[in-house]
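Next come two complexes built around chain A: one with chain B, the other with chain C.
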Partner chain A sequence: MSELFMQQVVAGFATGAIYACMALSVVMIYQAIHHLNFAQGEMAMFSTYIAWQCMAWGLHWVLAFPLAIALSFVGGFLTERIIFKPIQRAPVLSHIVVFIALFAIFNSLAGFIWDFTIKNVASPFGDGSFMGSTLIGKHQAGMICATILMLIGLWAFFSFTRVGLAMRAAAANPESARLVGVRVATMTALGWGMAAGIGAVAGILIAPVVFLEPNMMLSILLYGFAGAVLGGLTNPLGAVIGGFLVGVIENLAGTYLDWVIESAFAGIGLVVHLHGMFAEIKLTIALLVIIVVLVIKPEGLLGRKIVQRV
Partner chain B sequence: MSDTTFSTQHPSATSRAARAYDPVPAPRPNVLSVGNVISLIVLGGLIVIPFFAKAYYLYPFTMIVVYSIAVLGLNLLTGINGQFSLGHSAFLAIGAFACAILIRDVGIHYMLTLPIVAIIAFIAGFLFGLPALRLEGLYLALATFALAVATPQILKIGLLEGWTGGVQGRFLFPDTLDPVVPFGLNIDPAIFRYFFTLAVFVVIYILSMLLIRSRTGRAFMAIRDNPIAARAMGINLPRYKATAFGISAMVTGVAGALYAILVTSVHPDSFIFTIAILILVGMVIGGVGWLPGCLIGGISMVYLPSMAEYVDDLVLAIAEPLGIADLFPSGSEMQSEFNRLSYFIYGVILILIIYLAPSGAGGLLRAVVTRAKRLFS
Partner chain C sequence: MSAILKVDNLEASYGAINVLRGISFEVEHGGVTTLLGANGAGKTTTLRAICGMVKRSGSILLDGDDITRRATEDIVRTGVAHIPEGRGTFTTLTTEENLHLGAMARPNNKGEIEEDIQKSFEFFPRLKERRNQQAGTLSGGEQQMLAIARALMLRPKLMLLDEPSFGLAPLIVRQIFDILANLNRDTGTSMLLVEQNASLALELADNAYLIETGSIVMSGEADTIAADESVRAAYLGY
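Moving on, here comes the complex of A and B:
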């Protein structure tokens, strides 16, 4: 039992790396504009298609991936500038509607340009198992490393660079930041660009695992939200931890929920055989994580409490 | 000079940014108002349609009425109470599956399932609303988004397969295929189904209008406009917000039951997230907070996809002579199967509405009416 348990935890970490990547880009955009971008997943999917297209045209991945990430950065920057700047002061509903609109546009456009057949994206880390382990592949190990590197990079950027400081100031207190000379609007657009770039990295890392197709990101975005909410929407480290946790929770629930329920029934003297009925409720777990965290501890594990001014 | 700096930090400025949407002032109750007259004309038009169209062509019109009810349900939540939902496809699913289970497993006549479905959907909405109402704006959108994404999978859970039919779904009328016309009436089932759906719509619409003008409705709107002031006036925020969620789910659930009766089968994959998007699109096009707009929303939900198909063809027709059709490496055989640009067009329309007419068709109509009144006064 304990060996199976360890296996499931390690496998959970491997899938958790996917969610952690996505959660990181969710937190990035939340920091910049205090909104959850429901189109984040589709934007990441679109970036991944760009990377795939570059490779299909014969570019080596060493060139194709940075190019796709750079294009995504520019795309995110321009999205903020063109689409969201005019409705900056519009009510919340307008923002949500435009996010949904972007979701539809990117999803539909990707389907139109690249059709709905599944594309294969090669992993930059190679296939096969990692150091002879049966639990974790080279790609998964690479993904975990890339996520952690990205986190360290972000931390360094926000702590030690002037732009990072300005971005934090613009997010925390726009009025005061403007008074000391920070270009708040540019910082917001920069936040969008960075979120899109991180999303592109996430998409490229995820694509070898789930295969590339226009609808691949919907459920992963949900896990990303779950991870970000669990770890705290205001804290990148929390988001990554949350993402890994969601991966582990998901895996353990898929394996043990049947057993837990069966033993609970056995405890009250009933024999119940569920025959793996709960193996396929993974999205429901993301839903439960989101609702439970939002109700019990809305600021998440590591987030700041948001106090609303009356 | 302090005026400008003061206004940016004034409390009302911060609460302005957090508001749900810009509600329009409620019109004075007037039986012969322009809105009521137009509503009656539209209703008259809906009633006479079957006398001009063949029974076969009634299907899309019935669908419009069904979708209108769903949009009305969402509008009661967002437009009247100021709460968001990206998950109304879930309540549509609850209504549809409750209807199917009541018909197949309990053996109730399909017309009598509606009140029971309404109660079930209300309870489901109320229960989901209870934890969700601790969540403000964006977080509620997130929770409901999660609900909508998870719904098809929840419906396929092995534990529920006996009721939901799992991946295959269920047929509502395995013996007769179509719902039977009751009371021995000698009319076409399609025509009967149309009038039945229309009657339910009219009843729900009138009840919604009465609700808005009641004490409860005014409390809903007070919460939307200023929750803190509403609480100060003694409105029990959690109870009213959960009730609004329940009523909204109830209306949408009834729409789900009518949908199931119309298409005569239910499948978990008919209630994917894109349906929630569609309902949202319908509400925004019709006008948030303007109930008659739900019909415009319903029409747009049914006819936008076919419009999008034309645009698909148009794009290819332009691309081919220019020699850039190869830029879309999708192959022409896929074109007919997917109207793939349809959601692209929804997206563009949504953004255009938010930019140009944030209050939707309702706002445009009101603007026209005000102009016209000014002309004649």
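Moving on, here comes the complex of A and C:
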């Protein structure tokens, strides 16, 4: 059992890495405009198609991936400038409608350009097991490393650079930020650009696992939301930890919940066969995580309660 | 002395509601001007109008430059440090990060900025003790010191102060006003002060203007205003 257990934990970390990336991009935009971007997954999917297209045109992934990420950054920046800046004072519902519209647009546009058949994306990290390990494949190890590296990079950016500090100030207190000369509107657009870039990384990492098709990010975004809510929407580190946790929880629950419940019934003398039912309802578990966290600890595991003196 | 700030016929409105009905006043180079008036007279709106945070018309000249049509961020870059109502602390960031933000509109010269942060720590030792603390956890007085220190990080030509006494104990208020008086004397920073506490404000200021429902009803040197019978009765309470 312990071999299987370790395997599930490691596999959970690997998929958790993807959720962590999605959670991170969700948090980036939430920080900037205090809305959850429902189109985040479709934007990531579109970015992945761009990467795939570049490679289909013969570009090596070393060039194709950074190019796709850079284009996504520009796309995210422009999306804020063209669509969201004009409606920044509009009510929440207007935002939600626009998010859903974007979702539909990116989804059908991808289907229109690249059709709905699945496409194979090769892993940049190669196939096979990671350094002879039976627990983890090269691609899984690569996903985890890429996510952690990106997190460290973002942490350094927000902690040690002037632009990073300006972005945090703009998110924390836009009016005061303006009064010290921070260009808040630019910071918001930058946040969108970065979120789109991070989403592109997530899409590129997951594509070799789930195959590329226009609906590939649908459930992954839900897991990303779950991770972000679990870790705390106000804390990028929390989002990443939340993403990893959701990955592990999902895997363990899918593997063991049947067994746990069957044993529990066996304990009271009942024979129950669940036939691996819980492997089928993994997504439900993600949604359950969201609800439980919102009820018990709405600010998330690492979310900050704002201290204010008035 | 010439005027660093010359406001002429300034009007401002929130939506359809006119708050300022054409007010004119000046702040002299190195001087302190105070705007007095009751709650809702338009004092805070005046400061917000100068910084481009409300819809405004009229003319605002800073050192002869017309800033009436500029965006807030650009007005700050010309050297106007505005300490807003409620102090504008970045509560979730640390004290030191708050100070760094004060220098955001300056050229990115790390050495100079670090030097200025050390200077503010010398001037406000309490802030040094709390440099890595979340600024929202500072006491009201400490946050007001932080707001002043943050404003100074800009190396401002003009400071706009919105009720620095707000919510502070009398002893702390005295301390804050002493700090402002020293600052004005030592660095020659010009100040425009909005204050409910009229006696303290008149003590610090060289010139005073009295605002009532969006219009200036009286102006003059601070001493003259302080000696005026009607002002005494209405604002000084003796």
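A few remarks follow.
FYI, the second predicted complex is superposed on the first by the 305 of 310 C-alpha atoms of A that agree within 3 Å, B and C clash if a C-alpha of one lies under 4 Å from a C-alpha of the other, contacts with A are read in each partner's own complex, and residues count from 1 in each chain.
Rule of thumb we're sticking to: a contact is a pair of C-beta atoms (placed from the backbone, for glycine too) under 8 Å apart; a residue touches a chain by one contact, two chains touch by 3 or more.
Values in this document were obtained by computation on a predicted structure and should not be read as measured data.
When the two structures are aligned on the shared chain, A:Ala70 is found in touch with neither chain B nor chain C.
Once the two complexes are laid over each other on the shared chain, residue contacts for A:Phe116 go to chain B alone; chain C is not touched.
Once chain A of one complex is fitted onto chain A of the other, the partner contacts of A:Glu175 extend to both chain B and chain C. Ranking chain B and chain C by residues of chain A touched puts B first. Of the two partner chains, chain C is the only one that A:Arg183 touches; chain B does not reach it. Using the contact criterion defined above for the overlaid structures, shared-chain residue A:Ala166 touches chain C, although it does not reach chain B. Touch criterion not met for A:Ala266: it reaches neither chain B nor chain C. When both complexes are overlaid on chain A, the residue A:Leu4 reaches neither chain B nor chain C. The intersection of chain A residues touching chain B with those touching chain C, taken from the two complexes, comprises 175, 308-310. If you check the complex, the residues on chain C that touch chain A are 51, 53, 72-73, 76-77, 82, 84, 86, 88-93, 97, 100-102, 104-105, 108, 134, 136-140, 143, 150, 154, 167.
Listing the residues of chain A that touch chain C in their complex gives 162, 165-166, 168-169, 172-173, 175-184, 304, 306-310.
Chain B meets chain A in the complex at residues 8-9, 11, 14, 17-22, 78, 84, 86, 131-132, 134-135, 137-139, 141-143, 145-147, 149-150, 153-154, 156-159, 228, 273, 277, 280, 284, 288, 327-331, 334, 338, 340-348, 350-351, 353-355, 358. Against chain B, in their complex, chain A makes its touches with residues 35-36, 38, 83, 86-87, 89-94, 96-98, 100-105, 107-109, 111-116, 175, 218-219, 222, 225-226, 229, 274-278, 280-284, 286-287, 290-291, 294-295, 298, 308-310.
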